[in-house]
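Got some structures for you, see below.
Okay, so subunit A shows up in both of these, paired with subunit B first and subunit C after.
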Partner chain A sequence: MKNTNILINRLLKYGLYFALLIIIVFFAYIAPSFITANNFIDMLHTLAPNLIMISGLAFVVLTGAIDFSVGSIAFLAASIGTYLMVVQKVPLIITLSVIVLSAMIAGFLNGIIVEVIKVNPLITTFGTMLAYRGLGYMIGGAKYTPIPESLAQLHNVKIGFLYMDTAVAILIVVILYLIQYRTVFGRHLMAVGNDRENARKLGVKTSSISIRAFVISGFFAGFGSIFYMIQGGYMTPRMGQGLEFTGIAIVVIGGISLFGGEGSILGLLTGIFTFYIVENGLQHIGVSPYIYPFLRGGIIFLAMYADSLKTKFHSLRKVRT
Partner chain B sequence: MNNSHFKLSMQNIVKEFPGVKALDKVNFEIEQGKIMALIGANGAGKSTLMNILGGIHQQDTGEILINGKIITIKDPLDASKKGIAFVHQELTALSKLRIMDNMLINDYPTKLGLIDDSEAKVICKKILKRIGSDLAPEDLMEDIGPGDQQMIEIARALVHKPKLILFDEPTSSLSKKEKDNLFKVIKKLREDGVAVVYITHLLDEIYGLCDEVMVMRNGRVVSSGLIDEFPKDRIICDLSGEDGRKKNVTKKSFIVKDDVVLVVEDLNRSGILHDINLSLNKGEVLGIWGLMGSGRTELVRALVGLDPIESGTIYSICDGHKKQIAPHDLRQLVGLVTEDRRNEGLFQPMTVAINLSIANLKAFLGKSGVFIDRKKEKNEVEKTIKKLNIVVSSQSQQVRTLSGGNQQKVILGRWLQRNPELFFLDEPIKGIDVNAKAEVKNIIHELTISGKSILIISSEIEELLGFCDRYLVMNRGSITAEFPHTATKEQLMEASLSAREKGIMQ
Partner chain C sequence: MRKNRIKIFTGLLIFVLVFVACTTAAAETFGADETVSEEPTAKSEITIGLSWNRKDLQLIEAWEDYMALHAKALEDEKGVTINWVINVADGDVTRQASNIEDLISQGVDVIIARAEDGAAICASYNAAKEAGIPFITFDREAQGCTVDAHVGADSFNQAVSAGEAFADLLEANGVKGKCIELLGDLRDQNAVNRSEGWAKVEAERGAWETVLQVPTEYNPDIFISGTKNGFASNPDVNCMFIVTDAGWGLVQNALDEIGKLAKTGEEGHIWIASQDVDIPGYQGLMEGYMDVSTSYDAYYHALEVVKAAYTLAMGESLENNIILVPGRVVTSENVRDTTDLWARDYGDYQE
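Now for the complex of A and B:
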């Protein structure tokens, strides 16, 4: 009994890696072009902006809350940025600062609504998801806008064998990991996610922690939007659309519990990798793209199911003896 | 810090919550090297008073002085800066973090802005050693037992080298051995020159531990002084007012002989329950006694299917027909009152009325058979509130604003409406005040008169004594002894302890 419990725990912990391995072997067997270094470097390049955009979201989920607005914050910040640099010809460095700053303000607003006005985070960010996107449309219109060459030319800069955005994304995840495990803020974040009421009793400033998590979430959404534009050379009306759901799915696949207080930021890497590798592999074996959303749904479901199983087995193990 | 003699006093403290005057001009004083027992029924205001000291609430009027100087306490962090530490009644564990995180959550040692884990470990080890605990700082909180978690609460309080420590019913989840250890630790703190306030319901605990006593009732201080001046009956008298003792129940037996209603045979759950056999008679109060961790709660949970069982049979006997019954189906027949009433039993944010009627909604359906007949519901709820003497402002008061005793009565009332033949009561009188205890026991008593059968678990052995028709002693998941209603405290204690030693020897 005890042994099977341990086995199940292990399986839930490392099951993802198994699954990942099987998926890779499967695709490699069918489509040899899949298992080339170039393909993987390209894939890492493609996913990098999204990874940056959702990296801060992981902090919000660690506190046990949720942020549906990351995609819209990215869109809004980029809309403001595009307006400044394309229409107003504002210098690049100022534009980039404003992008990041406005994204942080949007995140701060989320935090204030959740913590001061006390609206449920799900409702709050669902509302701001619509509102921020609407604001973005009002500023930039729903059109494709090429970004200035000075910025767009960065798209094929490489650091070693990795594209710049890939390197930046990985660096960000490592820094966030350090923050999570080696700073007081990080530990407080985990404490709030563990048990908010208890954390408050212990003197953790729970509201402040939660607001800061939302600000960080906004910050990286904005920061990521810059790399999104660099990669495509365009500001697009679809930027960040759907990211609210795929983002949360990736976070959960990466082992960060939706119940809060559990999981490592490093899980973001495995999470996003799993998500993209399936799509990339399917492209290589030439499956109809119409099947992707269905599979995405399936992956999200499996990840959530594993998350709830994990919690279930934990509470079973905890039965007082 | 030892130069100045530490002394804290509170003067004319008033605190009002919506609708209640929780504290009415309370004066309080404690100095270093003293342990003061703070006694009072639930709702007497002792927790509120301590919450003010701990910075969780702020007083409306009145002053707090440390060594004669007026201070304000803004929040818990501020309290700990001023040398006041609070060990809460409910564990404030962050279960998925490590022990060291739980202890140092606000006091991490840092190096260049990053947490220095190895230094943190050293700090924690030192404090844990001071209270005689050999827990490893890097273990997860969820992997240690409630007794050890309580020790961590105390260890955490010591991080700030406090001059005053408030203990709010710290023994409610501890075994005898853990309790003794705790008392040792508290006495050692006194020797170190710490002032201790000890809140408890259990009068027996304070003798031999505390130096001073303060008794509160209805938001006021009734009496206070040296412990020697306060024999037990005086405290009880002060606690309950005049009529408190009249309500004590004298038990008469209402067992219907040879009318067994429930039989359990060879129930097993590996590692938790072993070969449980028991039977329950009509009109019987069957007490299950065992130390913390003996499997009492787990037995009840298994019987009603909240935990899985691996083998065993349960029979319910109705009108002479013996019928095998699955745990899940048994749950439908049983009025179940769980130990953790805060989380398992009650819908805290919902109203008293909804909480009372929830288990019996079918009975309130109107003619249509779809909608609930509010009038019917209201009448029935009103009847229950009256019958059980539940103190509420109205039916629509939120349950979470009620005192522990009244919450317990709501749970009981819920089942009374449904009128099951069997009741499983897990710690029905834990953490409620003297009067409420007597009232709850009265209710149980009346149930047996009407032929109901009761299975009751309590960790307060005195409360069980003379109240049950029969006792089963549990230990390490087995039933190890059975006693008739004449059993004494010593007999029960001995049975649970000696069996325990045997178990260890194996």
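Now for the complex of A and C:
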């Protein structure tokens, strides 16, 4: 019995890496162009803006809450930024600061609604997801707007062999990892996610921690939107659409439990890599376009199922011990 | 006390936010009179009810503005006052049904609806029919019922005309194409029609071979990754078909990053065919990076739907109940001379 438990535990812990390895070998075998350094560098470049945008979301999920509004916050902040840059000709440095600041305010508002007015995070962020996007459309006019050349030209800047956005995204994940494990705030974050009531009894200011997590989520949504615009050269009305679901799926695939208090920020790298590698591999082997949505859906389902199995397994173990 | 003040402040903030956001969805009116007369006097005045499923694209603003423009011209020509009642459903199928119920209860003379769901709109059509109000679907066809009229783009022939012009271009330049096709959302009938139109010309003319199809779902990431991966796995690719040139800026950056961005006539030029002449596509054609696109003519869609609405509201019948605007082939050569392109009116491009 003990051996079975260990096996299940290991499978749930390392199964994703094993699956990832099989996927890589499979695609490499079918399409040699897949297993090249350039392809991996390009893939990391493509996923970098989304990785930045959802990195803060991971903090919210760690507290046991959810944030559906990440994509809309990114869109709203970018709409404000584009309006300032393109229409009002505001200097770039001020515009970029406003983008990040407005995203933080949007995150703060989420936190206040959840913690002060006591509305369920799912309902709150579902509502603000619609409201923020609506505001963004009003400000930006829902059109494809080219960003200034001085900003757009950064899209192919490299630091060493990595694109700038990839380097920034990796740095952010490392910093957030250190915050999670090396700071009091990080420990409190995990405590709130593990058992909010107990954390409160132990003196953790649970509401404050939760609000800060939402502000951080907003900050990175806004920050990521800047790289998103740089990469495409345009502010697009579709920015962040669908990120509410893929973002959460990536966080969960990365091992962060939807129930909070479990998982490492570093898992985000595995999560997003898994999500993108399948898409990338399919594009290399040239399968029927109808297979893509099936596989995307399958990955999300498997991730959610594995998360629920993991939670069940851990609860059972807690009861037994 | 302090906590209460925070609550009041937050409540006010939410109220303002929701209020501001709701204004996009709230009923809007324009025209001579905002109130709807229940019985227009001998049709010297008609009221058109317009139900948008959502208003998340500049194209929709363009449609609405052009409709107002054409209605004004019709007013002057026919001596009839045209009033509008407009509502927006924000992508919510049930809300659109309720919005159309509102239009019916206000007694409009004709309803134009851009359906969020082609099947669900049939219930609204039936309700309008019972009330004796003619019903026109706009841009997106109803599925499962035959409404009084449909006005939209002919997405299949749009792709065929772009494909024919593209085949001519490749043949004239002695190029045998190997193309990547960036598809749209496979749930979108227009996207599927475009792909089928492209495939039809490919089969008939043999001017190119599509070596890779990438479904983008209109997701900006996939426009970029699909382009890069397509070239990585098929290094001899020399052409692309992009489902909508709204995604041109993304493809342009991807081509730039892999050293494949060159204007027509320059060495290493990738031949590009697309659809819509959206704002980025207009720019791509003007700059000479894109070769062919077929316009998604918001100006003419609006003209046709206003004419159809006027005819039905006057109790007359239409010659054709399905009015499809085919679009015009726009190339980097003729883009400057092509009139009534909405991307020119609404974009910020300057030469």
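Here, the second predicted complex is superposed on the first by the 317 of 321 C-alpha atoms of A that agree within 3 Å, B and C clash if a C-alpha of one lies under 4 Å from a C-alpha of the other, contacts with A are read in each partner's own complex, and residues count from 1 in each chain.
We adopt the following convention: a residue touches a chain if its C-beta (ideal position, glycine included) is under 8 Å from a C-beta of that chain, and two chains touch if they have at least 3 such contacts.
From a predicted model like this one, the values you see are computed outputs, not experimental measurements.
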Checklist entry - After the subunit A overlay, clash or fit between subunit B and subunit C? => result fit
Checklist entry - Hey, in the superposed model, what angle do you get at subunit A between subunit B and subunit C, Cα centres, nearest 10 degrees? => result 130
Next on the checklist: Touch test for A:V86: subunit B only (first), subunit C only (second), both, or neither?
Outcome noted: second
Checklist entry - Between subunit B and subunit C, which makes contact with more of the residues in subunit A? => result C
Checklist entry - Just subunit B (first), just subunit C (second), both, or neither: which does A:H284 touch? => result second
Checklist entry - Can A:R182 be said to touch subunit B (first), subunit C (second), both, or neither? => result first
Checklist entry - Between subunit B (first) and subunit C (second), which does A:F27 come into contact with in this model arrangement: first, second, both, or neither? => result neither
Checklist entry - A:Y137 contacts which: subunit B (first), subunit C (second), both, neither? => result second
Next on the checklist: Looking at A:M190, would you say it contacts subunit B, subunit C, both, or neither? Reply first, second, both or neither.
Outcome noted: first
Next on the checklist: One more residue to check, A:L109. First (subunit B), second (subunit C), both or neither?
Outcome noted: second
Item to check | Lowest inter-chain C-alpha distance for subunit C and subunit B in the superposed arrangement, angstrom | outcome: 15
Checklist entry - What is the shared patch of subunit A, the residues that subunit B and subunit C both contact? => result none
Checklist outcome for this item: Residue set of subunit A touching subunit C in the complex reads 31, 33-34, 36, 38-39, 42-43, 45-47, 50, 86, 109, 112-113, 116-117, 128, 130-131, 133-135, 137-138, 141-146, 152, 155-156, 228, 231-234, 236-239, 241-242, 276, 279-280, 283-286, 288-290, 292-293
Item to check | subunit A-touching residues of subunit B, taken from the complex the two chains share | outcome: 56, 75-77, 80, 88, 91-97, 101, 105-106, 108, 110, 113-115, 142, 145-146, 156, 270-272, 293, 295, 297-298, 307, 477
Item to check | Residue ranges of subunit C in contact with subunit A within the complex | outcome: 3, 6-7, 10-11, 13-14, 17-18, 20-25, 55-58, 60-61, 90, 183, 186, 211-215, 217-226, 228-230, 232-233, 235, 246, 249-250, 252-253, 256-257, 278-280, 283, 346-348
Checklist entry - Within the complex, which stretch of subunit A touches subunit B? => result 1-2, 178, 181-184, 187-188, 190-191, 194-195, 198-199, 201-204, 261-262, 314, 318-321
